[in-house]
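Chain IDs A, B and C follow the sequence of writing; residue 1 opens each chain.
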Amino acid sequence: MTWSSLLADLARGALTTLTVSLSGIALGTVLGLMLALVRVGRVPVAAQAVTTWVSVIRATPMVTLVLLVFFGLPGLGIRMSPVAAAIVTILMNTSVFQAEIWRAALLDFPRGQLEAARAGGMTRAVTFRRIVFPQVWRASLPALVNEMTLVIKGSPAVAVIGVVDLTRVAVRITTVTYEPMRPFLTAAAIYVVVVMVLLRAQHATERRLVARYGTL
Amino acid sequence: MIANFATVLGEWRSLASGLVNTIWICALSGAASLILAVPVSLLLVTRRRALRAAARAGVDVMRAIPFLMLLFIVYYCLPALHVRLSSWTCGLTALIAYNTAYVAEILRGAWAHLPREQEEAGRAFGYAGLALYRRIILPQILIATGPVLGNQMITLVKNSAFLMVITIPDLTFMANQVQAIYFVPFETLLVAVALYWLICMAIEWAVRGMDRVAVVRGHE
Amino acid sequence: MNEQPTPVVDVRGLGKRFGTLRVLNRVSLAVAAGRTLCVLGPSGSGKSTLLRCINFLERPDEGAVFLRGEQVGFVPQADGRTRPMTDRELARMRTRFGMVFQQFNLWPHLTVLGNLIESPIHVQRRSRDVVVAEAEALLDKIGLRDKRDAYPSRLSGGQKQRVAIARALAMKPEVLLLDEPTSSLDPELVGEVLVVIRALAREGQTMIVVTHEMGFAREAADEVLLMDEGAVVETAAPERFFNQPATPRARQFLQRFA
């Protein structure tokens, strides 16, 4: 197999990995924030349910989870395509880790600022929108970028249900060409590049945050 | 659904064997990687630049690739280099190598955070080199990193599920088999999820125990 | 011939620089057996650096240190020159000094008894039974026998420092080096530590104590050495130093601090 066709195939797989991962991450960030708010807000019953949910999903391997979503949910009447199942799995997994990140940032938030806002006549919603959230999302940024690298590293699990991500492409090329070194090592290199880029972004955000706002 | 659960429980032997395999695979890999991580973490800070650079590169690459990728590289690429390993050996090797990199980095970071005065007191009392590390530095690092190592252990357990892809009969593999044979996917995999949850709860319980030790034997 | 016995610690012309800053400037001193030397001086005068250069926790740039006539940090060679000691040789030599730090630096993962017996057993390789018996006797002496199995995190500052002193004594050192032993303590805990150090001085333990405690220096020292900006300003017996300081800088210092 020529280098150009190898790279073309791997590139298609990498694109799938990135699309599925980024969709999962984007939705997972929003869902994670909502879960964190439920816990921090101590909504009766819901907060306890969320705590248990987070605890269980955090303990579940990606492979097991993706099998549960793709093969198990149809047993309850919920059917979806492999790609949809992949995104849902990533979403479920990352949302609970993001929930913990958001929760830590929210709990760490200085009480004094909330009091100042209340004294200034702000409602809880306005306080959250204009005072809490702008600071909390900045403070969580390094941890959120770190979570993105973890999603990328867990994403090959979706290969198990037939999604043709970067890893599955490498396997397929190997089984066809009987030559494992080039496809796997190149695929590994692509993962390394993506993760290194993300880590560099993480360090850059940390540095800029400390420079602008002091150690948060 | 109750009937389905009954079916699953009827296959408890398969699930139990998978659970046992998962547990001993993780215990063995965890112990081995902790032992190997100590010399690797020393290499990460050695004064010999070539060794240090090599160790740094190795650890960084291990921490940048997905575990499944490493598993496949061990499983598919080694035979091409005329190294023939059984799937079990492949799985364990990949798991140990991957985890060693993470634990080595954790130990290195903890050492960097250890107050310099501890090392100084050790030197003032006649310790140097390996004895200084073994009796003064390493015990304190292990106490300090208890919770982080516990988290890493949980990650190890979750990575072990990937071994099912190369047909190692761990918990996920057995659960998948049972659900495929008996057409009870949801209930079987739910039981598997519950069992993984129990394993992680046990690890977190152990970590909390170690934390109590750390409070007494750690720094104020 | 009038032969003076070799001093336990003999420091000649010690110099040290940190970058462009001269921290020690040709410092010399000698401490005879059984004597207590108190080193005084304002912050930044180099007192702590001096002490740490004596057991080579810091390497001086110039000068030499001798322990009972043997040079610290260097080994004489057949051709008459000296070579620097290896880490291992230096470590062995350090066991002949006992060091007490300002921040105590007890090993938190070991009990009080564990801290005392750790180095005697594992570095000096003495028999465990003998070491434990001696350690318990030391704990009796400093009044902390009941804390034998406690961990350092459970002790007060004064207790920790007393344990640190016992830990240094457990090595049976030829000289005790104390680096501002009471500076990190709350005022009400200083006394219990000074009691122990005073008793050691009375018993004839050779000691070099860097301290801010003027009262203690006055009472317990056999000799006082004042440092300023890295150099020795004046050395004298305490009665003379505190009542009739010879140099103007010593007078200034005593006016401000004593």
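Operating definition for what follows: a contact is a pair of C-beta atoms (placed from the backbone, for glycine too) under 8 Å apart; a residue touches a chain by one contact, two chains touch by 3 or more.
Predicted, not measured: the structure shown is a model, and the values here were computed from it.
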Chain pair bearing the highest count of C-beta contacts: A-B
From chain C, the most remote chain by mean C-alpha position: A
Geometric centre: closest chain by C-alpha means: B
Whole-Å gap separating chain A and chain C, where each centre is the average of the chain's CA atoms: 56
Separation of chain A from chain B, taking each centre as the mean of its C-alpha atoms, in whole Å: 21
Chain centre separation in whole Å, for chain C relative to chain B (CA means): 46
Interface residues, chain C side, partner chain B - complex: 55, 57, 87-88, 90-92, 94-95, 97, 99, 101, 103, 105-109, 118-119, 122-124, 151, 153-154, 167, 171
Chain B-facing residues of chain A, complex: 55-56, 58-65, 67-68, 71-76, 152-157, 159-160, 167, 170-171, 174, 179-181, 184-185, 187-188, 191-192, 195-196, 199
Chain A partner contacts - residues on chain B that touch it in the complex: 4, 61, 64-70, 72-73, 76-77, 79-80, 154, 157-162, 164-165, 171-172, 175-176, 179, 184-190, 192-194, 196-197, 199-201
Chain C partner contacts - residues on chain B that touch it in the complex: 117-118, 120-129, 131, 135-136, 139-140, 143, 215-220
